[in-house]
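A, B and C label the chains in the order they appear, each numbered from 1.
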Amino acid sequence: MSNQEKGFPISHIVGFLLSITFTVVALLVALKTDLPKTTIMFVIGGLAVLQAGLQLIMFMHLNEGKDNYSKIIHTVYAIFMAVVIVIGSIWVVTAGHSIH
Amino acid sequence: MDIKWDQLLVSGDPLILGSQIAIVLTMVGVVAALSYFKKWKWLWNGWLTSVDHKRIGIMYIIMGVLMFFRGGVDGLMMKAQTAVPENTFLDAQHYNEVFTTHGVIMILFMAMPMLIGIMNIVIPLQIGARDVAFPQLNLLSFWLTFAGAMLFNVSFVIGGSPDAGWTSYFPLAGKEFTPGVGNNYYMIALQIAGIGTLMTGINFIVTILKMRTKGMTLMRMPMFTWTSLITSLIIVIAFPIFTVTLLLGMMDRLYGTHFFTVSGGGLDMLWSNLFWLWGHPEVYIVILPAFGIYSEIIATFTKKRLFGYGSMVISIVLISALSMLVWVHHFYTMGVGPAVNTVFSITTMMISIPTGVKMFNWLFTMRKGRIEFTAPMMWALAFIPTFLIGGVTGVMLAMAAADFQYHNTLFLVAHFHYTLIPGVVYAVFAALYYWWPKVFGFKLSEKIGKWHFWLFNIGFNLTFFPMFFLGLQGAVRRSYTYSEESGFQPLFLLSGVGALILAAGFAALCYNIYWSIRHAERTTANDPWGNARTLEWATATPVPHYNFATLPEVDSLDAYWEMKKNNKGFTLDKNQIKPIHMPGNSGLPAIMGGIFLVFGFFLVFEWHLLAAIVGIGIIAGLIMRSFESNDGYHVPVDEIVKHERTWRGESKWKAK
Amino acid sequence: MEGKINTSAPIEYQSEQSKLNILGFWVFLAAEIILFATLFSVFGVLKDRTAGGPAGSEIFEIKDVIIQTLLLLTSSFTAGIVIFEMRRGNRRGLIIWLVITLLFGLGFLSMEINEFMHYYHEGATMQTSAFLSSLFVLLGTHGAHVTLGTGWAILIIIQLLTKGINPTTAGKMHIWSLYWHFLDVIWIFIFTFVYLAGVL
């Protein structure tokens, strides 16, 4: 921690401005462009992931502290499993002829 | 809110009436005995509010044994019903209820509490700590598990038991097809217990990562600690899925939503998908600690270091990752399509690789070792061939195309009993025999232990081996009877006889505990087996409530073995002893458990007003917890000195 | 477990128990990630199963959603300032920023309640279709978390007023801020995959 306790919360303000920017860009891409739907989904999905990473690192200080490894490994593992659950479930449930 | 008083108590069945009377009599008896011997205070202060991890562990195990009894009686009832064709001992509805409660109780209220109880007792000692990271939370976990178990058990006398299988598949489990309260019990009782388990997982991850004694790096942790860490990791990843699944199931039943219904766009297969997303990892949650237990016992009684420690660690990590990627093998036949089936077939078969690695490691550990055939070791030895049968039939089931033949037959039932019984029950027995002297200061009788061992093993194989063949001949699972012409009669009868022998084996265990409490030789030796390798054996027997007078330092694997070899770390210097800080007891967890039980009960019957009133109690409890500042207490030096001096004897006591 | 004080680290890391609590909470957040992932997977499966009821594009009021998003984003930022002030040892600043954060949170909640009422009046209830069931439960779970976070913050304010900033209260504050940021992250995904994807 580079003692940022004194003075100005500069990293927070940068983080805030970035998050607003990401949101506005996502909005513009989604509502004001005529790109194909899948392209839009990839762009705004990517922006959401960027924004989540930003919150994790700039606000939640994921990599702060002495034993940050266990924190990071565990969180990354959970995120990986979250992706497996979402994509896996949707694939499994909609792939076969069972869907009606 | 309309209370249907006449439907509240299950009536009309002599079996259930008998149990109701028995339950009331037992409760009256327990209350009377506690009052007569003036033991209420002892019970409350010494046990129910104790945050001592060893006591919490013992309470978990008592609960597990009671639930094993309940689940076992269910199992026997099913075996009695199917022993002869067209039997009328249980009717179809009753049989449905019995296999449902049997499955749920065995897995969630027998296997889980037993293993978590053993983890509670052993883990802090093995890593050289004085308690878990969050002692109060640990107690709350116990009470929530207990409340869930009690709520689930109440179902069979008040309102009716769940009857849609332990998997509780929709749409059968939905309100349209099972309008009674039985499946409400399932959704709500398991929810309460599940929250407790989730908190245990968090607690043990932090405990193992942060509370290890000086010098114990990750790769110097005993194997049981490793498997417990990975188990906790799977708990934290898998149980939230179950939380959501049960929540949605409850919403469908209580509030008319359409997640899994056949109308309104709901999708019944979504339940199967979510259930097994949790359910498969769950079976690894119960099996991994067992692998750790066997590793400790095999190393101890062959007097050799565990073969391939590193490969063992890698394989449990691989198993834990793969365990989250195989869930579809439980519903290949539901029409998920060939692509999905193929992928999950392959991932499932991949699990057998790390499992095989572990098998060979155990065998190589024993190779050229001088094996001592003690009771714990015998269970470990019996585990290997029986679990192998379970594993090999598992690979058969893993092939999606072949599974269409085995699916939903008794072949499957035999398979999973061949994994769960050696993988959980044998391990629990082995662990009980192994750690019993550490906890209570006397060994269980080896002689009665042999009876227990042989009866249980013969009974088990006789019960379940015939079921493979029954399944291949086409006997379906969950069917309450079969016809004379089917020709199933001889094997079913054989299997029924086996179950009786199995029950005799369990009775032998109970008798062993009773006999040993009364007659077994008492010991205060810290290492009663003589060959132990890990830190829990370095301190007094029975373990003092502060665990270690001074925290041990570790510089290799098998820390206690090294201490013995180099003869160091045994003498204690009075000047090293400082007052020890210990966490204080707390009554709040027990009270919260009670509140959750009542809350759950009201929700089951959809008495929302009452539930809301009790819900305020839950919030009040959380607020109290936030303001509580329980700083614990210090064990004075005098007390430690006195105790350490007695068990170490003067030679190992340096008084300056 | 005793109050070993290590003054070089930020105040919330100065007691052993607070350190354990913070790591424990990260592990808990992993569980929360899975919990919401499961809800998202359910929504993903059921989102087109409207069973004759309204689809998302027919009922979403995207303007309101944008305001909700801005409220929550800003409150996540001010929650960051709360920790910043705490580490400076400025109790007054801490409490002021915390109250501001909660006001944004309450603003968000009241809009969410409004949104639910609006759906109700359009005849879109939890019982209408699988799509709406999953929508209400996903939004409701998030909203319930925000409500819980608000109540929790009030408890911490009381403790800060009576006990001041010490390693224990600071640890609680830190954990609370993790929770609050986390809820913002979840909202970003709801905003993207429920609302924006729904009106495309």
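Operating definition for what follows: contacts are C-beta pairs under 8 Å (C-beta built on N, C-alpha and C of every residue); 3 or more make two chains touch, one makes a residue touch a chain.
Going by UniProt, the chains are A = Quinol oxidase subunit 4; B = Quinol oxidase subunit 1; C = Quinol oxidase subunit 3.
Only a predicted model underlies this, so the values are computations on that prediction, with no experimental measurement involved.
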Graph class of chain-chain contacts, one of line, ring, star, complete, other: complete
Chain pair showing more contacts of the two, A-B and B-C: B-C
Mean-CA-position distance for subunit C (Quinol oxidase subunit 3) and subunit A (Quinol oxidase subunit 4) (Å): 15
Inter-centroid spacing, subunit C (Quinol oxidase subunit 3) versus subunit B (Quinol oxidase subunit 1) (mean Cα positions, whole Å): 34
Per-residue multi-chain contacts in subunit C (Quinol oxidase subunit 3), two or more chains: 23, 27, 30-31, 34, 38, 41-42, 45
For subunit B (Quinol oxidase subunit 1), residues contacting two or more additional chains: 205, 209-210, 236-237, 241, 267, 270, 274, 277
Set of subunit A (Quinol oxidase subunit 4) residues in contact with two or more other chains: 67, 70, 74, 77-78, 81, 85, 88-89, 93
Subunit B (Quinol oxidase subunit 1) to subunit A (Quinol oxidase subunit 4) touching residues, read off their complex: 205, 209-210, 233, 236-237, 241, 267, 269-270, 273-274, 277, 324-325, 328, 334-337, 339-340
Touching residues on subunit C (Quinol oxidase subunit 3), where the partner in the complex is subunit B (Quinol oxidase subunit 1): 1-2, 19-21, 23-24, 27-28, 30-32, 34-35, 38-39, 41-42, 45-46, 49-51, 126-131, 133-134, 136-137, 152, 155-156, 159, 168, 172
Residues of subunit A (Quinol oxidase subunit 4) that touch subunit C (Quinol oxidase subunit 3) when the two form their complex: 1, 4-6, 9, 12-13, 15-16, 19-20, 23, 26-27, 30-31, 37, 40-41, 44-45, 47-48, 51-52, 55-56, 58-60, 65, 67, 70-71, 74-75, 77-79, 81-83, 85-86, 88-90, 93-94
Subunit C (Quinol oxidase subunit 3) partner contacts - residues on subunit B (Quinol oxidase subunit 1) that touch it in the complex: 133-134, 198, 201-203, 205-206, 209-210, 236-241, 243-245, 247-248, 251, 255-259, 261, 263-267, 270, 274, 277, 581, 583, 623, 626-627, 629, 632
Complex contacts: residues of subunit C (Quinol oxidase subunit 3) adjacent to subunit A (Quinol oxidase subunit 4): 9-10, 13, 22-23, 26-27, 29-31, 33-34, 36-38, 40-42, 44-45, 62, 66, 69-70, 73-74, 76-77, 79-81, 84, 87-88, 177-178, 181-182, 184-185, 188-189, 191-193, 196-197, 199-200
